[in-house]
Amino acid sequence: MATVTLDRLGKRYAGGGAPAVQDVTFEVAHGEFFVLLGPSGCGKSTTLRMIAGLEAITEGTLAIDGKRMNEVPARDRDIAMVFQSYALYPHMSVYDNMAFGLRRRAMPKAEIDRRVRVAAAILGLEPFLGRRPHALSGGQRQRVAVGRAIVRDPKVFLFDEPLSNLDAALRASTRQELIRLHRRLGATMIYVTHDQVEAMTMGDRICIMDHGRVAQIGAPLDVYRRPATTFVAGFLGSPPMNLLPATVADGRVRLGEATLTLPARVPEGPVTLGVRPEDLVPVPEGPLRGEVVAVEPLGAETILSLRLPGVERELMLRAGRSAPAGLGERIALVAPHDAIHLFDAATGCRLT
Amino acid sequence: MTSPRERPAWGAIVPFLLPATVFYLGLTAYPVIRTVWNSVHEVLPRREAYVGGAHYVELWADDTFWRAVRNTVTWALVAPFLEVSIALLLALALYARVPAARILRIAWFTPVLMSYVVVGIVWMWIYNYDWGAANAILRAVGLGHWAQPWLGTTDTALPALIVVTTWMWTGFNMVVLLAALHALPTEVIEAAELDRCGWGAKLTRVMVPLILPTILNLLVLSFVGKMKIFDLVWITTKGGPLWSTETVSTYVYKRAFEWSTFDLGYPSAIATVWFVIVMSFVAVLTWMVRRQQKLEY
Amino acid sequence: MWGRVLARAAVMLVIVLWTMFAAGPFLWVATISLRTTSEFMAAPYALPETWRFDKFATAWTGSGYDTYFTNSILVVFSAVAIVTAVGAMAAHALARYRFPGNRLVYLLIFSTIVLPPQITVIALFQTLAKLGLYDTRVGLTLVYAAVQLPLTVYILESFFARIPADLFDAARIDGYSEWATFWKVAFPVAMPAIATVVILNTILLWNEFLYAVVLIADDARRTLPLGIQKFMGDQLEDYGMIATGLMIAIVPVVLIYAIFSEKLIQGMTAGAVK
Amino acid sequence: MTPRRAMPGCALAAVLAAAALAAPAASQEITLWSHWAAEQPKRQFIEEAIRRFEAAHPGVTVRATWYEKNALYAALRTALRAGQGPDVFYAEPDQVEYVQNGFLLDLSQGIDWANVEPWAREIWTHGGKPYGLPLEAWTVELYVNTRLLSELGWQMPANLQFTHGQLLEIVRKARERNIVPISAGVGDRPFPGAFLTHETLLMRLGRVDYGRLLKGEIRWDDPRVVESLRAVRALVEARAFPPGVATLQLGQSHVYFHTNPGTVFFPMGSWYTSRAFNPPDQGGQPADFPLGILRMPAPDNAACPTCRTIAVGGSYVINAASRHPDKAKAFLNAFTTPEMGALWLQNVMVQTGIKADVGMVTGPRAGYFRDLAAANEGSEYFFGIPLQILQGRARDTFTQVVNTAFISGQVTVEEVVRQMNAAMGAR
């Protein structure tokens, strides 16, 4: 178990162009489950690979337990990694796959055997130890990949989208298993994903990345409730936060023809107004009035799309089981004060 | 999911590439250079002397060399078309779901696995005037007056050898074409069927154009193979009669190791010229195939 | 309807004729190999009345086929072992690492596949003579390894390039050096392709003639194709015995083919299908 | 790095070790590469000579390897070029290039030349030094199946020589009876197809002018040459030769003559016996075969109808790179006794360059040898066949044109003349 510290970490490829990762700074605490979240190409995997030692670090420092690791080869960093593709050795049995990393370390045979069996017991892999990976199901392979990391008893576990090759149902249950595993091992884990549900449910903290930079770091609900940028706001939540162009003037916000009171003092001028679909409440005299242009009944809830006069983008509304209005009808909405987020129209940064 | 590769890890690359590099430089690149060097020298067992372009001048006027070039190029142009067109016919026959296609595919492929030495002897027997199978069949069907010493007359020797290479290589081409046919998306063929295309139209308008890149590759491959041919000729005719089956390879070998001159310079000049010819043919053909494929996709 | 039947019949006819054409020569040689020359001369196309399998023993010991066979095994197997190791290492380096000149090296090696052998054979003869490797099995082995190197690298490179990079990353994190990773991960994972090139190279070298005839002189070091050729001049009238010799050369190839036909076809056709 | 590095190295080491194990123990072993793999009598003679030599020289062994001629020549050319090869090997006197390139040991000393025919030594002499031991000598003969001949209504002529005109008549008669008149096979040899042609040229031109023709001093469009070629061409046009002559091989042409299908004539070197006297199941002639020996047919206006070619054939030479030159010489010298000469005649039934008394030949084959002597009586000899005199392109052209294409009817007389003139000029 260990802390992992990144200080202004950056990656620039020899070919030139924009850096793949820049200025990434955070510290993962002892035993923390830390999630790197972002769309593909945001630099999260590169960051993880730099921590693993699979990519050379071109800028900044990486430290594990306070020791600089930039020049230390992967094998000496005492980390273990679970790959998206699982990277199981197809020519080895499950047992050998797990033991492979230990053999290199000149560990006594008996100890290797003990560790493999313990890990297999934790993951329920005992019946499959003699099988080759191609004879396993996707979920079983995924567990072997985890088992290969567990036997090593490393300081840090790294996960690179380990669930994305599983089908939806399996993904949910495996998520739970991983959470239990983290509790059981109490190990430091860094987990890369593009799936916000995984990030929200698993992470002690999440770090959202965008274009190679950190957009926001925080506890999942904090990030959800107070997104630091329009990017974070738009990335988290399903459907995501409504982000609409508005103008602040005279202590009010003008959104098309509607006018809302300011939740806080902000400078006058164009802004982006954000409001989560579930925070909009239909009331007969609400300030936001529009025409329903789409109705998506999902059973437990209904998603409505509204067109507000003078606003280009449609507004999404999350309602209960029954739709408050039908297609083509007009509806009026209100949003509570503290549910209105204002962002700088140019930079996307939070104003409130 | 492949990651962008690391900057060169020379410490790992060098040991991996070194043995191959040594083999390549020592036993391929150096001999090529040495041959070119030879070609401007007289290379006798106990004497080597610079002769400049003398060998090349002699080569220019060497009828046997040009005869050999003509024979080889003829072979290299005729054989690929025979092999590939017959192979296409056979592949289509097997594609049409005949029984035992798998076994036939394996059986037809067999000749290509045999040594040219073995093949050469077998076919010398087949072409034997008195009891060879070729004449025996002709006599059996009442065409005895067509019986020939097939490898013994200037008119028939080269065609007879071309038949042998066709026999050897058609099965190979067939297997490749069959694989290409099976790899065709079934929707395309089904679409053609829905369009009420006849079998012939389906073939010429849909299937053949789709496997055209494979066909071109096979033609080039066969062409290159024939440009190298040596063993078969050496075993059967040694280039005779009257140089009618002389190939560049047999002539190089004759001049280097069979003629009583012992000079390795002149044959090296032949080899060098031939090397340039073959490589330029290959370059042009590759370019044509590439261009063709660009048109296709 | 009749048109369909006719077409079907035409297809079958083509198939039957070609099968006879393709297989006939071998079957003929097989029958001759079990008959004496006088039996053969009396009726060239008859089946053996008595199956003279003892002729194989005679050819084996009496005509030196034991020597030729041993030489072929020694040279071909050593060359294949070397070219597989050397070629796999090079293919792995070319497939896995990006470095300046990578594609140039690949192209150089690849273009050697079409190199006419005449361009090297004379100089190889000179070189081996100078090194004292002329007329030795070691010399022929090394040349064979070099000759098959391009094709080996070509086939293996495309396979190695398809091994997911994650596998190597995993081995790195598991603590293995690049060298160990190659032998313990890449090489075993590439086994299907390795097997293909091994079988392919074995067959091609088993049949090789030109380099052998130039680089080997002594009868005691001749490989099978040279051995067969040796007997075809003055003893060509002994067709029965020569056919037996031919069968000795053919049978191992056919056996390998019978066992590994799919792999072999795959290897032979690898260069042609894109 | 790790010991794994050694993998490919190991494979190489294994090869080297295997080769080292197989390397022959050198010390007192003389290696001999020889033609005659299929010629039992000659092989038996040499093997007998080896036995005697080994008995007389304890501690020295001779390891003989028997080759088919083309394979032997191919192996020798590369081996000698590489500075290797056996101590003693088979050569024929046409291989002057061996001498020119310094591959052969000078045999002036250490050989008992007094027991060698002077003309045979002369053929092997270059720059005053002899380089080869001429074991085999041979003449060009016209073998005949006397039974077939009489069935065609002809008798053996008293002087043992038909004229070209007579031969042509016999050929036509044979063809009418569906018998192939003359056997020949040039599929694997550069000379047997030319026997009839060059003997005709020799008789028509005489020894001196024939020699000048082969030296390029007389052109091939000389009327006498053209006339001779037309005489042979007349036979070709009368379908004198087997239809498969161009691909028939030397060994096959023997069988073609005496057994399958059987022809009237067979122009061949007098070493005919080395194959024909093998047991029938090894390609030899049938036990009761009615063999006769004739001189080659005489052309009209022959300058020298008694002229014929004698050639030195199989000889042994010593490799200049040999590590045991003295032992090798001792081995060769063991052949130069009248006893060995007689043994050769007795076994092989072919003339020899070793001095020997023909009268010593006894046994069941003695009659054959008397016939051979009768056919040779009064002959004026020309030394060497054209192949032993021509070099380079002239030799290649002679082989392709005169040996093969001419007698298989694929070139006209005019074409032969044109090609030969060009090739002789190109030399």
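Chains here go by letter, A, B, C and D, matching the order in which they are written, and residues are numbered from 1 within each.
By definition in this document, a residue touches a chain if its C-beta (ideal position, glycine included) is under 8 Å from a C-beta of that chain, and two chains touch if they have at least 3 such contacts.
Predicted model, so just to flag it, every value in this text is computed and none were measured.
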item	value
For chain B and chain D, chains touching each	C
Chain separated most widely from chain C, comparing mean CA positions	A
Chain closest to the assembly centre - both centres taken as Cα means	C
Top chain pair, ranked by how many C-beta pairs fall in contact	B-C
Between chain C and chain B, distance of the C-alpha-averaged centres to the nearest whole Å	16
Chain C and chain D: spacing of chain centres that average the CA atoms, whole Å	38
Centre distance in Å when chain A and chain B are each reduced to the mean of their C-alpha atoms	59
Distance between chain centroids, defined by C-alpha means - chain A, chain D (Å)	92
Residues of chain D engaged with two or more neighbouring chains	1, 5, 8, 74, 78, 81, 83
Multi-partner residues of chain C (at least 2 other chains)	41, 85-86, 89, 125, 164, 166, 169, 179-180, 213-214, 229, 232
Chain A: positions in contact with at least two other chains	49, 54, 84-85
Residues of chain B that touch chain C when the two form their complex	1-3, 5-13, 15-17, 19-21, 23-24, 26-28, 30-35, 38, 43, 86, 89-90, 93-94, 96, 98, 104, 106-118, 121-123, 125-126, 131, 133, 136, 167, 170-172, 175-176, 179-180, 199, 213-214, 217-218, 221, 224, 227-228, 230-231, 234-235, 248-249, 252-253, 256-257, 264, 267-268, 270-272, 274-275, 278-279, 282
Residues of chain D that touch chain B when the two form their complex	1, 5, 8, 73-74, 77-78, 80-81, 83, 95-97, 101-103, 187, 242-248, 261, 391-393, 395-396, 400-401, 404-405, 408, 410-411
Interfacial residue positions of chain C with respect to chain B in the complex	7, 11-12, 14-15, 18-19, 21-26, 28-29, 41, 44-45, 85-87, 89-90, 92-94, 96-100, 105, 108-109, 112, 114-127, 142-143, 145-147, 149, 153, 164-166, 169, 178-179, 182, 203, 206-210, 213-214, 224-225, 228-229, 232, 239, 242, 246, 249-250, 253-254, 257, 261, 264-265, 268-269, 271-274
Of all residues in chain C, those that touch chain D in their complex	36-38, 41, 74, 78, 81-82, 85-86, 89, 125, 128-129, 134-138, 141, 177, 179-180, 183, 213-220, 226, 229-238
For the chain C and chain A complex, residues of the former touching the latter	164, 166-167, 169-176, 180, 184-185, 188-189, 191
